[in-house]
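Look for subunit A in each of the two complexes below; its partner is subunit B in the first and subunit C in the second.
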Partner chain A sequence: MNATIDNLVTIYIDGSAYQVKAGGHLLEACLGLAQDLPYFCWHPALGSVGSCRQCAVQLYQDAEDQRGRMVMACMTPVAEGMRVSLSAPMASEFRQQCIEVTMANHPHDCPVCEEGGECHLQDMTLQSGHTQRRHKGHKKTYHNQDLGPCVGHEMNRCISCYRCVRFYQDYAGGDDLVVLGSRENVYFGRHQDGCLTSHFSGNLSEVCPTGVFYDKVVSDSYTRKWDLQSAPSICSHCSLGCNLSVGERQGQVKRVTNRYHSQVNGYFICDKGRYGFAHSNSDQRLYQAQVQPLGDTEKVSCDTLHGLDYVAQIMTELGAENVFGLGSPRASVEENFALQSLVGKANFYAGHNAAQGVIQTQVLHQLTQPNIYTPSLKQIEQADAIVIIGEDLLHTAPRMALSVRQASRNLGFAKAAAIGIPKWQDEPVRIHTQNQLSPVISVTSAATDLDDISSQCIHLAPSDMCNFAGALASAVEGQFDGSGLSAELNEQVQHSLALLAGAKRPLVISGASSQSPELIDLAAQLALALGRQSGSEAWLSYALEAANSMGLGLLNKDAKHMDDLALRLQQQTTPSALIVLQTDLFSLSTQAQALCENLRHLVVLDQLPSATSEHADVVIACASVFETEGTYVNNEGRAQRFFSVHDKLGRPDAWRSLTHLATMVTQAGHRSDTITQLASCTKFDDLCDLVSQQGGEFAHWCDVAPSAGFRIAGMKVPRQTHRASGRTSLYADENVSEAKQPEDVDSALGFTMEGTPINKPSALIPQVWSPGWNSNEAINKFQQEINGPLKGGEAGVRLLDTSPSLPLAEVAVIPSITLGAGQILAHTQNHLFASDRVSSLSSALKQRNTAISARLHPDTAAIMGLVDGDEVCVALAQTQWLLPLTVDASVAVDLLLLPNQYQAPISAGHLPAAVSLSAVTQEVN
Partner chain B sequence: MKQKTGLGHYIYIVWDYFYSNIVTLVKVASHTFTKADTVEYPEQMPYLAPRFRGRIVLTRDPTGEERCVACNLCASACPTDCISLQKTEDESGRWSAEYFRINFSRCVFCGMCEEACPTYAIQLTQDFELAEYERQNMVYEKQHLLIDGPGKHPDYSFYELSGKAVSGRAKGAGTQEAEPVNLKSLLP
Partner chain C sequence: MTPIIATDAAAHCADWRLQIEPLNEYEETAIAAEITHYPQPQAATIEALKIVQQQQGWVSDGKIKAIAQRLHMSPDEVDSVATFYNKIYRQPVGTTVISLCDSVSCWIMGYQGLAQALTQELNIALGETTADGAVTILPTPCLGACDHAPVAMVGDQRAHKLTPSSLIELARLAQEQPL
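And now, the complex of A and B:
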């Protein structure tokens, strides 16, 4: 790294002296100093190319120089004693003329533009002072393309800043969005109509400073940014915990956008996070409660309190020791904690199967080892060599794949830095480094979307993956003699060894989707070996199963899981009841049916119906992640709070239902300590206090976000913007007298427009806005410096950093899979847009879920007498599944990959397993 | 300041009191002989200035299509927040209001909405006769607001100028618009 990077230099802007960081450019410095300077082509994550000419400033030779010369701020490195002027007439007139030319062809369609009201072009036009179109000529027009269900296209609005392709191709590695045409007739789109394939395509609507690429899902039931009631949220779709800003209007969640967090998601999220919100608006949502009294065949609806009362009766009747709870890695820490307190630690089990349980305890054990550090997504971008074992990141932890892609450029950045080219000089860095990439070694069961940046791609069956990881770890330690490995694998190990030789900041990534605890352990061994080799801390990152896998693991350190529960219920002689929190047992384990049969009562708290809620005799509807508050702990152990965006649908918080239940049970004379404590919680903060009283990793729980009592100038932080419209009209059709705004006793956010839009703590920023900055580019007013942390500090708390090493829980060993005659090992092939029930309710994502087929290696297929396109029948125990076969040379030999589809007959939770595979004979008609 | 307390001062106060009352009485009485300002509404209609602002309507463009494109600017300009609407879009990409509601019991007829409207869709008329027995009846929906004609600015058509393709107007067919760029052409 450049030695001067951390030094400060003094520059003079319009006569005033400022201290700024050396090594950066002028635009960054000016914006960091809260100056307003227009720009288009520069993006904080994409660097400078100097093509839009909008950031012109006047640069002076010295204090005597009165004339100066014009330079582009984004292309000019700051230097000691530099004198510039933003307001110099020459520069400001130039900026104005520049916009005028840009606008000469710009359509007259702000009123019907999805970007209107949060348009960077509108903001910059106003900022530069251009107000009147003088050009009388014709405006250029373009045909639009159909880019699929997520991203819309209105090419007339383009200002040719090139941000879209620079993001899509250069940053996210997509190859189907290109710039076409020549001269001033350039066109940003695909070669032909069709769905954008990148899993990050939704970011185009934020990256494009105009309304060319817009969010089609938002447009379908469009609401202007100023009318959205928003709240800070955390993505519930994977374990990375990207920060989201979620907006609501009239009881419907309308849109999700990125919320900047310098250590986690930065400026970008994946398409599942952005478009996967439809579940909250779904008409399939459960409402209030349903109860099926013993002996009856049908459930009857009742209100929530009656439902809870019925559960309380069950609990009193059966006795506390016979009531069990099953938590969920998809539910918040507070919800799981409330359930755990209600049924007692001994009766609390985690909603995952045996393999996931072992993985969970392994993960906690490895990540709290003294020499192991788990980096944030931002830190992953600093790794100079990465080994990915057993995770198809783009489908299981997509945002991490984007970070790995950035890390692969580190070799290039270092090479450029050696001849004095700073990282932000986008084009020179690329030209100088060509295609040289830092080593990325990708060991997966089939080709992945990161193969294009991987120096070595190895496609192996799960057992070989373990052999490889083990061998590589000992090879790095210099203790490997090649015994026990095939020659081919041996060669691969030697190749990897060579690639990793010079690494200073190596990183190993693995995860839960392999369903292999052994691999989790071996990944840690490899990380430790690489750490020792490079003389630094071992960097290790795991992609976990769900948004709160880590939180649930911390609450349930003895790793008791659903299969344990099934066993215990089998041995139970007294009638028992189970309370299930937001989990579909049937997708987790083949034991589900047997488990249900051993229960007298099954109580489900969920927002959507599932096979489990069908089997239940009590169903309590609860709020979705957008209607309640809670905390997720992400894969790096960062606890992050989400807040309710609205409460208009009247679904009670799951945690509140559980505290009600505790109160009812206490009143019925049942008094364990944990239940009494839970019963005393009336507000969310009370529950947080209880969580923090557990101490250990939870000791700083109350620092995750400000408590409900937090005020700025005596006021709550408003969820609505100061120009929210329609307050006296929105519900006037129902009743012309306006109802009182609902109160929020559980958080420091208010369902109101009153309060200050600035100086909010980082965890409480519903959406970004600053005077003159209506688009998300306003984020520069919230950062301490460009790309730096937010002014209020980083939101959230990393829990594992101070944790003592956690021991491995004693868990039953998972029996290894034995292949019967004619059977083949089947494993899951994750697909980002189809793997879970929540995203299966988003119609936009559903349309993008195309790859539903079983996959086999050609050799394996030949042996089994199958060809590409065959309809095959996969059979596991009693279940059969018909699906098309794709023969794919990248799939490991002797392995069948089955798509992970929610509601598929064979669910991901049942795999890996030995299955039989046969061709379905085509009937001739 | 010096406090005035003498007898003269009290006489002055009493006189002042009676004087203003007498003047008022005389003025009121004198109106008996002047022409009345009130008119015998509703038999006789009052004079309305040309720019009088009354009941709000939504107008149509010269081709008879709804002018409102559901841009929400009127709603955000309205100081009493009494307008709400939801955008919808037809097959061809034309935006319009799915519902459009004005709560006239809140409207102060300031005309800010009309001023904000980029399409001349929302206009204030001279109708002030909005009395209702039920306040709920003051809530007007789109079907109550929409009129058949263009109202003021009879020739203006937003989609003629917007650059967007909508039914009946292809890309490049609007005013001051060039033919869509042919990307395959290499001509200068």
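And now, the complex of A and C:
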């Protein structure tokens, strides 16, 4: 018999037979069959606890049974031949009564509630049929807490479903949001006012079925869900590529929410993704081109075409061979590709420093090896043993840390399954497994927020990390005799070896923030060794530097980087120009100043000013990620498309500027193939066609998302909801006559409310809505099955799965760091809310960027005569940085950790490096 | 270059460790002894709360934080346990606490009369403490002695088959006790 048929059972719902997956529960099955059955406490990612009594159904013994008995669907496993009724009066009246009791204390503040119009409680109340309030008594009122700049608190609205604490504590590992009190008098909050510390706290606003926990940033400048013009987007803050739904009103991006992708982010995103959008609305934005003709001292503003015309003149004057391009791992593949076509492959360099360049070629090489597979975030949750080396995931790839946390429960799930407890039975699984976790070995330079689930935490300096990884890899292969390793490290290797011994699905995670190409290589060796030991494919995942590090790496396989360019410009005898795409050279490399001095012209395409744009003589203002379309390739090689959310700025797309430039240069007589091809692109799809013509990994580029010509019943997919209001008066302050809606020739989405809100391809879902389901819980109507892929298939294309093994590019060896007298090795301490220009413009995140200090081990501090709280001066070459010192026993010895802060005198791009460290003595008068 | 300074959000996330009310020597020793009984220190939470309450009469916010630090927990987690149990007092109470059962059996057997008599006698409402700090009255659900209803706890003694006059007698005795 076919195995897939084996896994199905037949159940009868209100007399009709359905085939559903065995092993699940009835609520999941009903929702999967597009039945409407109310629920509160169940969440597809959190499992069942059966506390809200809302999903009651009538279960019958057999076909003859007319009475049946009531069961909670979320707690009832499906079984062959099961007969249930959703519409039986007993069950439907019970559901209605439950809601009535729940609503007895719920305020009628929907018109002023942030959740109003997308409230699961509203939806479920209507669905149950309870419409008249009979309770005449007083409602309970509560004190609300200040939970920080991101999450608002309105306890009166609480219906005690416990979802918040189950997500915050059980799923995300937070310990500062709890339930207080007991019985009918419970309170969900903190022990006292204070900022929620979890990096996933923003998800509370989506997890809460009503408006207790709401998005404070949205509330500050509020728009109802139905009035938002939305588009599907991809997070630009880290390399994981979480799917976002971004909403706009009146030219301002108003909010970011999770957009479900079963293989990537699932139902949750981190707070940087959710709150890091303010850069797009910032008054620091560049809106106009600026040109500073040679000899002038100031830049003058002009429109983009004039600016581009000036650049075209520069290019014609200097000759194509003297114009260079610097791409960015933060810009889309299409933008980088357009720049590469404009300046030619030979003159195109990646906007990262030498170490990052070597890491990029290493990553591509390792991930395309035949025996290595890089799992998606969903697949990471299947790993039964994880080794993390040199990456503080909560700060560099937060969503991956959340997946690792789920994977650590696999031992418990297996143990529970052995006595017949299914995974979705949340409470029994937890009680049965207690504190037993799958092995997670965390090798970092200091304590991390994953230490609470780690079976082994080792804090090492970067060189020791390499020694450890190498030794563990040989030990797994049985080829390690302990030589060349300290006794302590040797013991750690033996401990790790024992922990990993029985692993069937081991995973190694490393990443770019170590700035160590050697570690990238050793992580792969370890993954291969573990793969051989477990008899399966080696699983390896790297957290990369930026949203499109992988895409840029694929365009720039010879790994030419900024330091190479600096060297080439030094040797260049003819005057040259550089076009920089969305990169701040000065935060990347200490060579930036020298590089700029060797240039006659510096052209910057960016959305925000930076030290580099200050130095530039031409600045072209570009669209932010929310105002253009493009593709990012995430850390697993998945190409995913994002779309413009609004058109208020008249689409200053960087890719379009570059194609214009190509046209101007062609008209002036340049006739290189790539420039001519680029000049022929008038629409985004033309550019995508050009990218796919590159072949190789890019061959299926056109499958990443439907092209602009895609229509449903002859119509584009609407960005606005079918009940969007105020369209005629939205811009009445500017002009009383209603402007024509902008056209979008670059995507299949329209700036309109006309079109179908359902049955969209997965890559084109601006926000989820289904009749009767106004909240984000409507996602169950879009999934093939609960927790499964979307009905339109998985959006995006994994590029590396079919790629042939990519060779290592020939790159210069990075000189090792030698410590001078009195110097110490400094490395980066990443901080999620501090590390980049874009998120530094979000005031909510800025307020959470705290505890900025250098960190040292107590022994190292003692030798240097420093104590906790000292003001210290860190000196790297001519640069000095004054900051407080924290003495922390978890930091590796002989290592100084410097916070990765945007605009800090010493940035992550300058590290690791040998620095001198001294106490700042206060002058006494 | 100017050094970067932390924003005022630092105050927002003020470290709770700075607000600890340290455990006294007895509390420290007794809690340490309890911890040895369990594989995880967190398991001693309830005992730790009882020890502190026995010493202080109630459990203050500062002591919650001290227990949290001692048991490697967050103060939120400790407070979650503390507020679950109505016999852990998170506000100061009188020397004697009278817990008057208001569950169904006691209600049928005359709870309302008892409550009225007691509040009149002591001139305080349910949940309040007398001005001299001698007695606190708390309503409580079921004391597990329905066969002796109506019942109350006076201090750590259970009083059975109460009448308004016998309850007032007990309250007077409690008030006469040295503070």
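Here is the rule we go by: the second predicted complex is superposed on the first by the 914 of 925 C-alpha atoms of A that agree within 3 Å, B and C clash if a C-alpha of one lies under 4 Å from a C-alpha of the other, contacts with A are read in each partner's own complex, and residues count from 1 in each chain.
Here, a contact is a pair of C-beta atoms (placed from the backbone, for glycine too) under 8 Å apart; a residue touches a chain by one contact, two chains touch by 3 or more.
Everything numeric in this text was worked out from a predicted model, so none of it was measured.
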| item | value |
| --- | --- |
| Partner with the higher number of touched subunit A residues, subunit C or subunit B | B |
| Contacts of A:L180 with subunit B and subunit C, given as first, second, both or neither | both |
| First, second, both or neither for A:Q847, with subunit B first and subunit C second | second |
| Partner chain(s) touched by A:L394 [first = subunit B, second = subunit C, both, neither] | neither |
| Contacts of A:V443 with subunit B and subunit C, given as first, second, both or neither | neither |
| Partner chain in contact with A:H191 - subunit B first, subunit C second, else both or neither | second |
| Touched partner set for A:N435, first subunit B, second subunit C, both or neither | second |
| Which superposed partner A:W881 touches (first subunit B, second subunit C, both, neither) | second |
| Subunit A residues contacted in one complex by subunit B, in the other by subunit C | 180-183, 187 |
| In the complex with subunit A, residue positions of subunit B that touch it | 69-73, 75-76, 78, 80-87, 89, 95, 101-103, 105-106, 118-119, 135-136, 138-139, 141, 158, 161-165, 171-172, 176-181, 183, 185-186, 188 |
| Contacting residues of subunit C [partner subunit A, same complex] | 1, 3-10, 12-14, 16, 40, 61, 64, 73-80, 83-86, 141 |
| Complex interface listing, subunit A residues touching subunit B | 107-112, 116-117, 137-144, 154, 156, 180-183, 185, 187, 219-224, 226-227, 250, 723-730, 732-733, 735-737 |
| Subunit A residues within the subunit C interface of the complex | 146, 148-149, 175-183, 187, 190-192, 194-195, 197, 435, 846-852, 879-883, 901, 903-905 |
